[in-house]
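For reference, chains read A, B, C, D and E in written order, and residue numbers begin at 1 within each chain.
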Amino acid sequence: MSATATATASAAGTLGASVGASVGASAAAPAPALFQDAAAPGATDPGAPAATATPSATRRVGEVILEVSNITLSFGGVKALNDISFDVREHEIRAIIGPNGAGKSSMLNCINGVYQPQAGRVLFRGEDVRLLSPRTRLRRMAEMGVARTFQNLALFKGMSVLDNIMSGRNLRMRTGLFAQAFRNPWWSPAEREETAHREHVERIIDFLEIQAHRKTPVGRLPYGLQKRVDLGRALAMEPRVLLLDEPMAGMNVEEKQDMCRFILDVNDEFGTTIVLIEHDMGVVMDISDRVVVLDYGRKIGDGKPDEVRANEDVIRAYLGASH
Amino acid sequence: QAKEQFIPLLVYRTGPYAPNGTPWANGKQDYLKLINARDGGINGVKITFEECETGYATDKGVECYERLKGKGASLFDPQATGITFALTDKVPNDKIPLVTLGYGLSASQDGNVFKWNFPMMGSYWTAADMLIQHLAKKEGGFDKLKGRKIALVYHDSPFGKEPIPLLEERQKMHGFELVKIPVTAPGVEQKSAWLQVRQQRPDYVLLWGWGVMNSTALKEAQATGYPREKMYGVWWAGAEPDVKDVGEGAKGYNALALNGSGQQAKVMQDILKHVHEKGQGSGPKDEVGSVLYTRGMIISMLSVEAIRRAQERFGKGKVMTGEQVRWGLENLSIDQKRLDALGLGNLIRPISTSCQDHMGSTWARVHTWDGSKWNFTSDWLQADEQILKPMVKAAADKYASDKKVTRRSPADCQS
Amino acid sequence: MLYRENGQFKTSYGADQQIFPIAQDRVAMLMLLALAVIVVPGLASEYLLRAILIPFLILSLAALGLNILVGYCGQISLGTGGFMAVGAYAAFNFLARVDGMPVIAAILLGGLCATVVGVLFGIPSLRIRGLYLAVATLAAQFFCDWAFLRIKWLTNDSPSGSVGVSGLSVLGLPVETPVQKYLFCLGFVLVFGLIAKNLVRGHIGRSWMAMRDMDVAAAVIGIRPMAAKLSAFAVSSFIVGVAGALWAFVHLGSWEPAAFSIDRSFQLLFMVIIGGLGSIAGAFFGAAFLVVLPIMLDNLPYWFGIPIDTALASHLTTMIFGALIVFFLIVEPHGLARLWQIAKEKLRLWPFPH
Amino acid sequence: MGFFLETLIGGLMTGMLYSLVALGFVLIFKASGVFNFAQGAMVLFAALAMARFAEWIPRWTGLSGKLAVNLLAFLVAMALMVAVAWLIQKLVLSRLVNQEGITLLMATLGITYFLDGFGQTLFGSDIYKIDVGLPKDPVFLMEQRFQGGVMVNQEDLAAALIAAALVAALTLFFRFTGTGRALRAVADDHQAAQSIGIPLSRIWVIVWSVAGFVALVAGIIWGSKLGVQFSLSLVALKALPVVILGGLTSVPGAIIGGLIIGVGEKLSEIYLGPALGGGIEIWFAYVLALVFLLLRPQGLFGEKIIDRV
Amino acid sequence: MSNVLLNVNGIEVIYNHVILVLKGVSMQVPEGRIVALLGGNGAGKTTTLRAVSNLLAGERGEVTKGSIELRGERIERLSTSAMVDRGVIQVMEGRHCFAHLTIEENLLTGAYTRKDGKAAVAETLEKVYTYFPRLKTRRTSQAAYTSGGEQQMCAIGRALMANPKMVLLDEPSMGLAPQIVEEVFEIVRDLNQKERTTFLLAEQNTSMALRYADYGYILENGRVVMDGEARALRDNEDVREFYLGMGGTDRKSFRDVKSYKRRKRWLA
């Protein structure tokens, strides 16, 4: 087989400079140095146990960071969301579940500004998303630290894995057109900036264990790995809130376990708040702190996993008998 | 090894202008074949030639030029105004003359500035001038043109725009109204142009078209009911392909004729006999003697005569270089006797060129389409030197100063 | 087994971020450069230089510019000819109207004007997409064609709309002979090739590609669609404009708007698609294919001494050309550059098939 | 006023002729998602075939009646267009299933070259005549109302009527046959259409044949107006703004778009042109289309461009 | 084993002339049974199905070795529509609905190859609507504007519209709510038992798949690493651990697997 795979694999381990220092000025989110744990040499071997074992007990749920109140969204005649309210606290894992077409994805789209709800308020860190100008809204949300993955994979198909994840850093890359144009290996701010961000991205790549695919065009990757890249791109934005739309669809148990591990690590170590849509009840019940249940635009349940699981409405509308 | 004079043939037998380019190209080639077949070349120097298809596109023309230049070309007929413009800058370096019979840069008549250009027998300015003269004659004098409305329907390209300065000059002199109506190249959609004609109701329409534009214009004129009798075309809008498929609809349409046509002339008979009957003809037989065919033939004739003239000075039976051919072109003197000897009879009028005048003759006639063939309907017309000369000089001077060319010294004229 | 990269471990990201991370590629590139700079000027015939290499270089440059827009940013444009014309005529005006204007400055200023026009016509791309945009950009093409025919001021009052330059010189060195012209163009191509490569491998390039591949996702990760698209239009039309100025100044010498007609736009679009969308090398492959192939096909009958009718030869050329385009698309829809890449991948695995 | 009416009518009729060419684009795009730049070449090819066969058939068969000759030539030309459609499907499209739009577009450009060369090799590159007996001279209407009357060109009028009839027929065909749905499915997703058993090859041969038929009709009408020669393939360029203005996927859009562009460009040329120096219609058509697109990016009647995450 | 409907014989598939994906995969699907194809991401499940339904060409892939037989007939060279004519239909991974068509139009195109008249098609349509009531309420929306799960239902329903003899189902459960997943599998069983439809099922949801399938193949890295009766697979220790998420006898919590990972035995 080819030798392309490992050409740069050793790079991550040999370089230790912190990205936080070089781009610190622009980084609003927690220092990314934590990734270095995950990037410890052993972690690059898929067989070895991951060295990221922070006890979950240290997690502490903080203030409300995102508040959705009385959101209503309709498309023509279809009311996708009807007067929905809930909140998300800092550092928690908040799951949204509900039958197909319940409006879960639409909810995420409202939160990060892809859709403009007809009524209601989405308060993120005190700012009302709905009042932002439509032209700059998405950018503003990204700057404030909201990142997301997509249900129908929205990767940049023509780009390599590395470039896809690097593009998550675009928000923080500042060098101008000219500096870029005259970039060179000897003296150039663009090169330095690129290298600094590259380090960060390499740590994400190591963390997600996709080193071997660094230079592969994402279109060629199997579905499950594409989902990981999608997550990687979102992580590269160093988000405070991560919106995940069915990150584990199309995976088998083992891969779901990996994915859970990534999500929990991110949540533990960076304190990233996570809003998660998922149909696998095992996953949802195991890893989420609180669950919102939507049913065709209405909210029919909200609370701890156990409470939700016991809720009659939820069982009838969503879980079915066997759960 | 036999001596061979190479003549490059830039042609277009494909693309939007193919119907007009093809007979022209055939005429050029057939005459060369005739010289070889009948006379055994020019004083024993065989003529070789090679065609290169330009498709009327400038960049392909330039490529053809470079390609054929390398094969020993000593003169070029670019067969397109755009290519002429592009080559005009190149030929002084390569020392190869350009023969642009009836087209090209009007100002290049001035051999003092344009040492390498030979717009023989006429330019767009002389054509425009003759047309106005002819209209004046029809009206009964230049003073009758006052208050008349003349529309220029032109191909929207340098080719179509060249006559405008002269027409504006004439407009100032005679006080007619000039309406300019451009037609976007290649001229397949002219409805609005002819709606404008209908709106303006001009007394005459000058048609400055080429290729498909001509027949389309005639069809639109028919469709808008503009009388074809009042339409006058330049000599590039007065050949068989322009009217053939319009047929009856073009009846009465007039156009300048730079040259006569028909198969009666002796040279045509010779071509039929020495070339076509031996199965060497470049095109169909009945095309021989058509307007554009004849024009192509004349271009080759002038090239051959220039080489012959050059040989007289630089050595008979030798192959002439570009510089030598240039001298030949500049010192042509073909009188009626010579024309008769060449078998051209009165297809054209005598030509004599000089260092100052690279055109050599500014005569043309008007012919009219009767529904099946062209008939001459005027005497020979000649462009008015009085008007032309200063314009040519001014334009040449501007060119010289733009390009930082100095006028040739009298000594240079002798060389 | 010659073309391998195992053993070439990178010890820094800088090393991995080089334009040619693989040593063999670097060597090949250097050899190619030496060939272009030293060998070609020494050996090439005038015909080769003037009729093939110079047009090839200039069109590669234009294709490079267009590839940024079409290949990297995904905005199909058929207005390229128009932007080239803007570059050419603007440069001409700077040269003709401003005394003592250096040629290179005039050319770059021409590019700048093309940038302005390009951005202007790029604005609709914020709303119009895909084929709709492609056709809509024809407005730029036809408008520019028209403007240079009609607005006398733009052609320095030349009555026919045809203008020309001559006696070019750079820093006192004349640009007259084919070799000089070739080197002049080569200089531009190298500089802009490098600039383009630098841009597309940096964050700006990534923002273009992101817009191309999935614009909503790009916006969600904080890429500003307007900035990305318009900067692509700007950079692209700058390079295209410079290429236009070179085409006019160096290749044609004197020209009319028809030199930048819609056919040119199509030709350039061919180049980037056949060459490979989103690939710098693709621009060169495409230009080579489109410049050299027709000429070769044209010449074939002569080389083999087959006396063939000019018209027929020309029709056959068109047919073969068309058929080859289709053929290459079928073999590799992503263009010659991808074909080249696959060849390299195979070489890497050689002698094993997979 | 009379003249304004004339311009308007002239514009409407030209627009109808543009629609005819635009229709070819729309058909193929609707059915396969291919933006077929070869439509112009097909018009030329069909017209050349028609013109030359009309010339050759009397020579071969001794037939003389104009109607019979034209009819026979039409049938032979149509057969040729079907053959072309079949070849294109076999040699090109079937090998490019599931490729991106721009690749397919490029392939049609390759086809354009091939057809241009092939057509002229087979049929020659001179000017040829198509004479199907369309009247050439103008008629004047309402002469008592307006001085000089309102001139209407009979040929254009006849052509516009034929175009309208054709369009109506095709609209009905799409609306009332089950094939219409399958065609749209193919345009959306080649692979998915394949997966449920829609035979792409058959669909494409049918659609390209219909487009060939439209091209033939367009070729005859335009050919009898302009004469048949290379430039005929350039009328396709005039249809492009029509297609995008009307919407790439809408048959009625092609008509309305044609009419708007036809009228718009004639009015602009006549009433605005002189002030700007003339010759503006070519870009004006595009600017007009652009303005409409800014309001509706998918054209007037096109299917909405979907972007969803 | 009952008579073999589909026989895949050591096929090798290469994408883009260079990427070797399947390295000699063999499997048999008996008539009237449900066979599950299991395996991790990138194992080659989708590729196998594409090879069977001949959808590889559009992905620039080709079968370079081996053979595929349907009832003894070699089918590698057939077109996809010929396969559909023979009653074999694939539900593609990732939905692939016709974006501009409404849900109902999508379903109706599924019946394109049906020759048994409008009434029969209408009947099947009703059947699909009873299987997926959600589709009925969204029947007039354009497919692109429906939710992910609705699109998945639409894709499955569309295939059912063709009244197939054999269905190649690629990840039917992806993105579906648990209740619906169960319903989908019930439908599969239903069709299998009532109409003797054969299913080849590529599925990540192993527990579901093994619950409903008769037989299973496990694919890793383009090779079949294990196969057997569904029941036997369910009891296999590795399968339990890696595909069913069971540690010992209980299901392990996703929270606990976090810090622990073990090599697969067959990779050792």
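The criterion applied here is as follows: contacts are C-beta pairs under 8 Å (C-beta built on N, C-alpha and C of every residue); 3 or more make two chains touch, one makes a residue touch a chain.
Predicted model only: the values in this text are computed from it and were never measured.
A.B. asks: Need the graph distance between chain A and chain C over the touch network, please.
C.D. replies: Contact-graph shortest path, chain A to chain C, evaluates to 1.
A.B. asks: Give the identifier of the chain nearest to the protein's overall CA centre, each chain being represented by its own CA mean.
C.D. replies: Of all chains shown, the one whose C-alpha centre lies nearest the global C-alpha mean is C.
A.B. asks: Going by average Cα coordinates, which chain is farthest removed from chain A?
C.D. replies: Looking at centroid distances, B is the chain farthest away.
A.B. asks: Which pair wins on C-beta contacts, C-E or B-C?
C.D. replies: More C-beta contacts join the chains of B-C.
A.B. asks: Name the chain whose C-alpha centroid is most distant from the C-alpha centroid of chain E.
C.D. replies: B
A.B. asks: Centroid of chain A to centroid of chain B, CA atoms only: how many Å?
C.D. replies: About 73 Å, centre to centre.
A.B. asks: Taking each chain's centre as the mean position of its Cα atoms, how many Å separate chain A from chain D?
C.D. replies: Averaging C-alpha atoms per chain gives centres 50 Å apart.
A.B. asks: Report, in whole Å, the distance between the mean C-alpha point of chain A and the mean C-alpha point of chain E.
C.D. replies: 29
A.B. asks: Using mean C-alpha positions as chain centres, tell me how far chain B is from chain D in Å, no decimals.
C.D. replies: Result: the chain centres lie 37 Å from each other.
A.B. asks: Note the residues in chain C that touch 2 or more other chains, in rising order.
C.D. replies: Residues 149-150, 216-217, 220, 311, 314-315, 318, 333, 345, 349.
A.B. asks: List, in ascending order, every residue of chain B touching at least 2 other chains.
C.D. replies: Only 13-14, 18, 22, 156, 182 qualify.
A.B. asks: For chain D, what residues touch not just one other chain but two or more?
C.D. replies: 120, 125, 277-279, 282, 308-309
A.B. asks: Flag every residue of chain A that touches chain E in the complex, lowest number first.
C.D. replies: So the residues of chain A touching chain E come out as 47-50, 52-53, 56, 75, 78, 98-102, 104-105, 151-152, 220-225, 246, 249-258, 260-261, 264-265, 279-283, 286-287, 318-320, 322-323.
A.B. asks: With touch defined as at the start, can you tell me which chain D residues reach chain C in the complex?
C.D. replies: Of all residues in chain D, those touching chain C are 35, 91-92, 95-96, 99-103, 105-107, 109-118, 120-121, 125, 237, 240-241, 243-244, 248, 276-280, 282-283, 286-287, 289-290, 293-294, 297-299, 305, 307-309.
A.B. asks: Please name which positions on chain C make contact with chain B in the complex.
C.D. replies: Against chain B, the touching part of chain C is residues 45-47, 50-52, 55, 96, 149-150, 159-162, 164, 166-167, 176, 251-259, 263, 295, 298-299, 302, 309-311, 313-315, 318.
A.B. asks: Write out the stretch or stretches of chain E touching chain C in their complex.
C.D. replies: Going by the criterion above, the answer is residues 14, 16-20, 60.
A.B. asks: Within the complex, which stretch of chain B touches chain C?
C.D. replies: Interface residues on chain B, with respect to chain C: 11, 13-14, 18, 22, 25, 50-53, 55, 57-59, 62-63, 66-67, 69-70, 82, 85-86, 88-90, 93, 156-158, 161-162, 164-165, 182, 185, 402-404.
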